[in-house]
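Structure below; questions to follow.
The chains carry the letters A, B and C, assigned in the order they are written, with residues numbered from 1 in each.
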């Protein structure tokens, strides 16, 4: 269970995409949530999916993380053994395992991503126990190390998250996901509902993981400032489609589509 | 593929127009027919009145603005890339290895300290953490950023201090191309002189420098050539 | 006692017994897996052993000898009622001697006497799902069993150690069966867990209210869950039975008077009586 990446060292990145989605669509009866979405995510790359409510961005995240099945389209992922596989041809057991080890999913509401009745240490240790760690002392030590990395004080390890603040819960959720050194993390409005100073702390944390561990991430956000600071690329969604995509600073400073221009001009400061 | 003597920067018939959909599709041409190159070890200054498109040219080279026509050929160790048609991934690679950029704004995540901002910029280009930190300290010291500020986030710094951190960030990785947008506008004479020295040093090391210098005096000292951007104004 | 002709043999109709037997066969084929079954209304409320009784009714034959114990004792109200129930509706012979029984229905204890290949042990189970307290959703626990996704089980043990310094579960201690399914052994004390491992008798589990049956075929590997640095240990017994002197059996603490007087006595009444009858001439 060693770290796959050494801190601070530049990573040899494989140029093949890590995740490739092609022609994803999702219909709920007559309602189209996502239409013909294709995108690639490479190792160490952070992609923002921005759009307003109802744009389909949360559905897209659910599809990309295989938590929902698409109506059409496919997703392939290059697994740790180097082989690229069609995710919907894997067994549910394999997909579940992927979601617990090589992937992370950070929910907007940390209560959805945590077990509120289990201590912080138990929450962080769960993935380790799920992959077969059977030494209490080691599990606790690893959980302790991760709590430190997300700046949660040592003496909170046995406390339950229902005694934590919102920002702390969110950091705990991140620790819980990072403990198996995932290569790809999905985040749904990770800074949503948090105070500005708390957001800053969270962004710094995520930025650190991305640069030190070569983490790839798909971040759904309506906050363009977050997109600019954290992300390499931005995809703009409207009514279920991607209407514009490009480098983060490009989309924000030189928006081409009318809707993108509207979005960018509507905020106070990018 | 780059031929042995390719200039690091070569623009060929580049044009850019903004289409403002929020104003009924009004077209705002910025530049057109931009053609010039910058050689290794050379510093070219872009001149012209405010709003003529000097910053825009830098942004077109950096990939911040999209190119409407023409080619923007950037040559580095890995070969020549046309920024106008480069994929986002290629562009990110180019920025990591070849294109250094000092913009007018310092945008960083609120909590990160000045030293770390500069060191991170070097690490991105593959420099080891220890070397990156050493370079960062060296640059900040040369630019007279007080030691006590090194671990503070620049958001609370003065305009001049922020600009110096921004310059240090742009220079830390020692990329072969350096784009500078008004690097000395908020600096006093002493620090301006330092920036001139740093630019000269990069030139000696073979970097191709393209910059906008509001101060005529600095322009004279640093630039080997001056290109008047007025000639690229649309309708000129 | 001869069977009361007003009842079908062992109370349940033949179709019901056949359905339960099918569930039992499936349970034996997949050790530790909870098989849903169409639990019938028995002439007693839920929580009094209706599941165990339905399993017993399904496997009982005219020549069987039935023993019923409740926390080790043959003489509690429940044990006596159930024993009389089957005597009346099936006319089978009953006994309190473990050695003489072919079927033993039990609530919350395993007899101290080593069981044989000729015997069936039927457990009464309240909550069959070991993951229930941490994961209240049924579809989710079913998926966890199907995908052998048992990390959560160890989370429970981790929490115990974090909170109490040791694994605090003292009964219904979860076990892994045949290296595949995690099972709740019913609220037997963890002291009894080792008896389930590699047991020559067939062990059947019935949960009436929850409508589940599961099984351990003879000689099945049953391992109590633990951590490498907190290995499973059956409760150490430090006292002796004050009636028969047994020192490595599970004991009940009996209040003898209202001045705080107490004594420790074998929980397994038959075991205690057998030992005492051997000693006396």
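Please note the rule applied: contacts are C-beta pairs under 8 Å (C-beta built on N, C-alpha and C of every residue); 3 or more make two chains touch, one makes a residue touch a chain.
Just so you know, these numbers come straight off a predicted model, no measurement behind them.
The chain with its Cα centre farthest from the Cα centre of chain B is C. Averaging Cα coordinates per chain and for the whole protein, the chain whose average falls nearest the overall one is A.
In whole angstrom, the spacing between the mean C-alpha positions of chain B and chain C is 77. One simple way to say how far apart two chains are is to compare their mean CA positions; for chain A and chain B this gives 32 Å. Averaged C-alpha coordinates give centres for chain A and chain C that are 46 Å from one another. Residues of chain A that touch chain C in their complex: 92-93, 96, 100, 115, 117-119, 121-122, 125-127, 129-131, 134-137, 139-140, 157-158.
For chain C in complex with chain A, the touching residues are 134, 147-152, 154-155, 158-159, 161-163, 227-230.
By the touch rule above, chain B contacts chain A in their complex via residues 18-22, 59, 63-66, 88-89, 91-92, 107-112, 120, 123-124, 126, 128-129.
For chain A in complex with chain B, the touching residues are 8-10, 42, 45, 197, 200-201, 203-204, 207, 211, 228-230, 232-233, 245-247, 249-250, 253-254, 256-258, 261-262, 265.
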